[in-house]
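You will see two complexes here that share subunit A, one where it goes with subunit B and one where it goes with subunit C.
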Partner chain A sequence: MTHAPFVADTMASATLQDLGHLAPMAIVGLWGLLLMATDAFAAVGFRHFQRRIALFGLALAFVAGLTIYGNADYDGGVEVFRGFLVVDPFSAILDLVLVGLCAGTVLVAGDYARTHRFEYGEQESLLCIATFGAMMVGHAHDLLALFLGIETMSISVYVLVGARWNAKPSAEAALKYFLMGAFASAILLMGIALLYGATGATAFEGIRGGVAEAFTRWLRINDLARALDQGHTASPAASDLVIQGVAKAALLIPGVLLVLGALLFKVSAVPMHMWTPDAYEGAPTPVTAFMASVVKVAGVAALLRLFVATFSTHRLVTAPYGWTTAVALVAFLTMTVGNLAAVRQSNVKRLLAYSSIAHVGYLLLGVVAAANFYGEAFASDATLGGDGLSWSRDAGDTAVASVLLYIVVYAVASLGAFVTVAWLSGNKHEALEAYQWSGLARRHPGMALGMTVCLLSLMGLPPMAGFFGKLFLFRAVFENSNPWLQFLVVWALLNAVVGAYYYLRLVVAMYFHTPPKTAPVVLPGKGAPAVVAVTAGLSVALGVLMQPTLDRADLAARAFNYPPGPSKARRVDGLRAAWEARDPTPPVAAEEPSPGT
Partner chain B sequence: MAASYLPALVFLAFAAVMATVLLLLTMVLGPKRRTPIKDEPFECGSDPIGSPRVKFGVKFYQVAILFLVFDIEVAFLYPWASLFRELSCTGPLGPGGVCTGAPTLFGLAEMLVFLGILVLALGYVLRKRALDWA
Partner chain C sequence: MNHLLSILLVLPVLGALTTALLPRGEDRLAKGVGLFFSGLAFLVSLPLATAFEAGRAGMQFEERHAWIDRFGIGYHVGVDGLSVWLVLLATFLTPLCIWGAWRAIDHRSREFVVSMLLLETGMIGALVALDLVLFFTFWEVMLVPMALIIGIWGSEQRVKAAIKFFLYTMVGSALMLAAIVYLAVVHYQVTKGTLSFDLADLDRVVLPPDVQALCFWAFVASFAIKVPLFPVHTWLPDAHTQAPTPGSVILAGVLLKLGTYGFIRFAMPLFPGAAAEAAQLLAILAIVGIVYGALVAYAQSDVKRLVAYSSVSHMGFVVLGIVGMTTQGLTGATYQSLAHGLTTGALFLCIGVLYERRHTRALDAFGGVAKVMPIFTAVFMIAMLGSAGLPGLVGFVGEFLIMVGTFSGSAHVLNDPPLLVLVAATGVILGAVYLLHMFQRVMFGPITHPENEKLRDLSLREQLVFAPILALIVLMGVYPKPFLETIDPSAQALAAHFTHKRCASVALARSGASRAALADDFAEACTDPMAVIRAVYGDERAPQVSGFGPAPRQEGPRAP
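Entry: the complex of A and B
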């Protein structure tokens, strides 16, 4: 008897096709498993190859990501696994960025662990699995996919944070991060449950429809009241509809706020930031670099995917039921507290941790602005019918693009800065106090330069990418007609000035202070210098070549709040066509006068 | 309508009778050799009397976590098993669950992927000696 032949029926071929669309993510996930297997089953001496295997897999994923990134077939967004995940230009860019950031961490993590005597074979595997989760967040098109991605990422990172078994702060950091993170996850899940209760859907498209329906029904309560005033009797069916709307909205708004709280925790916004300095300080420094880059990117991607693209219906972003007021307040607190606390830090790791909090504050402004623009577009669609205000829609896309640009630029510079900190720890102690950085430029001019470039990019000094990131972000926010948001932009600029103080203090120590008698011992291996060279190079290159970079971000964010489909593809293709038809002169940094600065 | 709940009632009654009979049988038939340790309230291997702040072996957690993972694996097998006919047929199911299309290994392959990942995890656990108590 022969076996039944494998009939390529629709489901099986669809699954394989979907995996093809998700190739970068699938490869990173597969490599996570593979590295776990090689760690457990390969001969003892084989452990030295873990890093090379991981880098090979990440390179493979990067190449796969490149084939998807340039491909116009994904312009309209391709839903995979029955709309559970989506592959579109936005996720394609994030895939490349996340794989790159993960590779940067892998290059340093092994050397660091060996020097600090806590080498373990699972490190590369856990980094790959965490990156896989972060990539899933970038692809998320369903609340459950979002939750799954965040959990896959977070649980791996909890382990990575606590992996340094021979140092107590590591365990303390892991416990704090884990307990707080578990609470945040529970809150996220509660919010998801309420949203499901209100809208009957977990897919983003279904939620968007459910939100609109709940508000429409709820607001009919005015019609009902008027009818009752005029002496009409309401039919039971009509009042039922209104009551259902009220009940749904009563679930919806707490649901939105709970999910918001959990995501703000993940990106460490004030007042959910308390864990950040301790967890960042206690974690092995390469893992801190990973948290400040990959985890932050994933958190912002979640905010964009869920809040900016899905919860941006007019009623949900404007007072009195909107979430944007709360986020604008959180942004104000986040940048103020982050910057003021960073000024007081003498410990470099804590300083960078607070600075990462401050950057989240700037990013949240962009999130608010994008959601406000989309909300306006949504409202005008409803009143004018059809395409509504295309200006608001374009402004929303631009705001999303500038948030995307900013988070990428921030993540690259942040990775470089933390990797430099990791590199300066060759004798089992990290040089964390500012005085230990004194005169570094005389002993290690290359690394000091790399660190300086990364710090200046974080600070936002003109030739670096960070300046353009801030410029475009603040400009996008300033376009908003809301005077409070415009005030917040001014406030953010003042904050950036405060930021300059603590970044420059470190630069001054490196370049102008006399070096201590004992030279700092540095990490062996070429991994850390390579990462710092690449991140510093990117921080300059993305700034000098800002126009092409911005073009790519624009393309990724074009029609961001459109559901996957032909209308989205039309808008993205339109931009791509305009972009390709443009004068092909070599692009130079676009020096445009900014209204905000 | 009410008759359709009859099997559930029979099941409940059977469970109650079974539990009572088994408990009674152990009481009557079981040998009784009492020792002070046996008379203590049972608490998973730790001393029930004393300060609650005792260190106890991290191995308990390890075993519990591993148990959870593989327990939940079984929970995932049930819905798959109940849909197995649909997953192994390219066409819709006819009356009596007969496949109208061609048979396919899709359902099996999907589950083998899932189980493969778990077997890898099990192998990892065994290899790392997480199940050795010593």
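Entry: the complex of A and C
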């Protein structure tokens, strides 16, 4: 170590500064560790000890997230830890959402574990660490950061799934999820290694450049091959070129596909969805809620960050090297299989698990649309308006905003639905069959209403937020001139009707059937009702007050595939300026003072 | 009074919130609050009738605010002659339904009132919305309360009927939503970057033939199910039979009208080229519905099912009036909508009266009721004759206008209009047959069932519920002028607009362009739209397989 002390000082201060940018994520991670420590001091009689500490930390992280969320300094994206992670409006929104979803889980998980007699002190800690991993995915600006985030999240969730040691399905689910997840992680790592070999970089920006270079070489080889065909003799330089070029190009596409497969596994797209219903069913229900919300958000964030923003060069989204056709096909299968399988389920948790698969199908359509637009933006493109704004790029940004909106709206409603399931399991058995929900509207009108609102939002019925999520998502896909994608939108809408059928079965049971003689036993405590009230409220409020929500999503998606820097900041600032010019009362966040940097 | 429609939309929601906060078990109080708010909404809506400028075609009471500006979705409401009376019908029938259900709904009244009031907001909203997303929102908002009303307070098979109703409607609206989104995207591209879901904006888009047909049928899927048009009518008898009386009244009175209203306001003017091509098929389906509905109604042994099938028959007339796209046809269709709302609403209330007393709807269970319930007999007779289209009562005016409009065929849309009218007219006769048959079996003859000897006649409350409806049935039959005066200009404007835009569609198709365009681009080509259409279709209108306009004929044009 030959560093002079002052170098270490600047490094330390740079690190501190970076941590400041990452405050919400850092706090959540730190709290995960802190909770491990406090667990040692949690007295048996002092039941809510861990939960209170966790909630305090999450509240702290949320406040920290708010200061970054509204801050124009981050518009252009701030790279931290030498470009390992990035802080931009997109990650700021995800931070808030993930912290909120984690808090929702924490509020229920303790009560549930106590009721089902598998209380353990590490639960809150693991939830925080998993959320930390998910947030890292949202911030990822490097393949390794992406991998670390996914692994941190996944390993914690494996433990959470298997934590219910007194029930066999939990162990089975954990083992299944762990084995398959471990394979997926290995595949992800292999893909990353190939990508590194092909492009010589792990940072997203480097990969972008590397991809372009690999294709350039590949084309030159094609030219060379044509020349050889015509009888020219190869020079040593040419054979060098062939070796370098072939090697890189040969690694690139398999790398992309391996990473794609692993990420599709994480979001449980068909045909990599087999683990989902079992893991969702076996896991303690609050953990299922966590998987259906936090883990899904992280998976979609990874797809957006890596595939939509990075692997969206023209050649990577068009035939013959494009990945988008494959994903469109996967989307088709995912929504169809998810919905049809959900119809056949009698178990509520499995039903919601399959429905979550179906929603991933809709989301993947948006992912494809966004990537296609960005791909077009690299090719010749018409400009929109006087400022040279590219139509395709703008459409891509809109599509990303729609995907972001949809996943958030979905996660909120999904959390509410699963928490209601968890709440209805007070006597050590869970109410998992639809008939056990009979007449809930008469015994517990409030909770039944909350559950219904969440289900209607998942169904996509206006004026719930889920409807607008679907509307904007499908609008974005329709904007693609590809008739197959347009057909898929119609298909998705018909799928949504199938979805309406199975969600309706629960609503029918709750409202139309007479309640059984014995009242269902529900979880003690106010945690679950509070979560359901908030998620149902958000499902309505986000729908009716869609414009402010959209503004934020727009900001996050604006210039989404630009590298962080001044040009991105310019475009995002342009959006802020446009708002302020249009609206006499500018968004509150835009006026907030920036935190000391 | 610019906020009149908004107040009208908010009032029932306020009422629903108030009712929801009432303590459980306060049945009478809940219904009272519901009656108060819906009655208030009716009073508030009266200026629509008095302050409405007759003779003006455009939108009145218009209001516009930004809602989701990012995608050009606005809160834009307004009424014209084609919708104003339907709004009044909704506000008129809702309090009567709640009042009429005073005894019929005896459990969970609070939830019932909340559902009714939310349903009222949904119905009014769908009638006044001039933004397609706003319209779709209200269109779907109606769904949940109506399904609840059928599913909770209905008869034995209520849950099945509720689910059937919900899913049928969902399938239709899914397709319509796809078409709406597509249209908005095309508008965005054609106008080079203007995002809008406003009806007036989207109306400027002219789609190329194949896409236009797809979009038209997507809209038709939604509206035809609601009407219901012949092959997709099967949810209606179940829903009607299983629904409680107020549910049936609202369903027949207003909800079905939203289907035909959707044709008038959205499907026909947005896609005129495709609509003109499809008109013949739709007209035939409507006529099949008229005759088939009437025949099936005659065969029913359940009174409520009988009236439900009569709805299929009567709504067929409305569709027939619309697809011809003539001024008289549109006016007649709107008038017939009102007539059907009043007469069928009254008939369902009558059946509700019988059901409350006897708890059966079977025709066999009655007979000789006239002897014990004279007032009721009179009420039932007026409603029944109104429904049968007796001249001098409300049903006649609409049916007559529809047949006149279709017969004239002035919009050059239908083939062989006289034949269509001839078949449709048999529906009127059949209507008289099954309605009189029902009336005779219920009212006359000896009293075969001893239970029927002690039936109570109408109570004062019931008489008061029926009185305004019967008054309107007679009034609108004797003196339709004030109503027709407001409907006619809008109908005329719509028919003209339709012809004009149809000409633009034809011009676009003939220019060979595969991309959409704006209607304004064809202003010059369509200075005399009828001439262009005649030039393309010949004097006789011939349906085409692809594109708009005939394929080149082998032989010369047929003699007219």
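FYI, the second predicted complex is superposed on the first by the 540 of 597 C-alpha atoms of A that agree within 3 Å, B and C clash if a C-alpha of one lies under 4 Å from a C-alpha of the other, contacts with A are read in each partner's own complex, and residues count from 1 in each chain.
Methods note: a residue touches a chain if its C-beta (ideal position, glycine included) is under 8 Å from a C-beta of that chain, and two chains touch if they have at least 3 such contacts.
All values derive from a computational prediction rather than experimental measurement.
Tell me the contact category for A:A40 with respect to subunit B and subunit C: first, second, both or neither.
A:A40 contacts subunit B only, not subunit C.
Just to be sure I read the superposition right, which of the two partners does A:L471 touch: subunit B = first, subunit C = second, or both, or neither?
second
Using the touch definition from the top, say if A:A577 reaches subunit B (first), subunit C (second), both or neither.
neither
Under the stated touch criterion, which partner chain does A:V490 make contact with: subunit B (first), subunit C (second), both, or neither?
It touches subunit C, and subunit B stays clear.
Should A:L456 be classified as contacting the first partner (subunit B), the second (subunit C), both, or neither?
Only subunit C; A:L456 stays clear of subunit B.
Identify which of subunit B and subunit C touches the larger number of residues of subunit A.
Touching more of subunit A: C.
Of the partners subunit B and subunit C, which touch A:A12 in the superposed model: first, second, both, neither?
After superposition on chain A, A:A12 lies in contact with subunit B alone.
Thinking of the overlay built on chain A, is A:M274 touched by subunit B (first), by subunit C (second), by both, or by neither?
Touch status of A:M274: no partner.
Can you list the subunit A residues touching subunit C in their complex?
Spelled out, the residues of subunit A in touch with subunit C are 384-385, 391, 456, 461-463, 467-468, 471-472, 474-475, 478-479, 486, 489-490, 493-494, 496-497, 500-501, 504, 508, 511-513, 546-547, 550-551, 554, 582.
Touching residues of subunit A toward subunit B in the complex: what are they?
Checking each residue of subunit A against subunit B gives 4, 6-7, 9-12, 15, 33, 36-37, 39-41.
Of all residues in subunit B, which touch subunit A in the complex?
My answer: residues 87, 90, 101-106, 109-110, 117, 120-121, 123-124, 127-128.
What residues of subunit C sit close enough to touch subunit A in their complex?
So the residues of subunit C in touch with subunit A come to 66-71, 133, 136-137, 140-141, 143-144, 148, 151-152, 158-159, 162-163, 166-167, 170-171, 174-175, 177-178, 181-182, 184-185, 188-189, 192-193.
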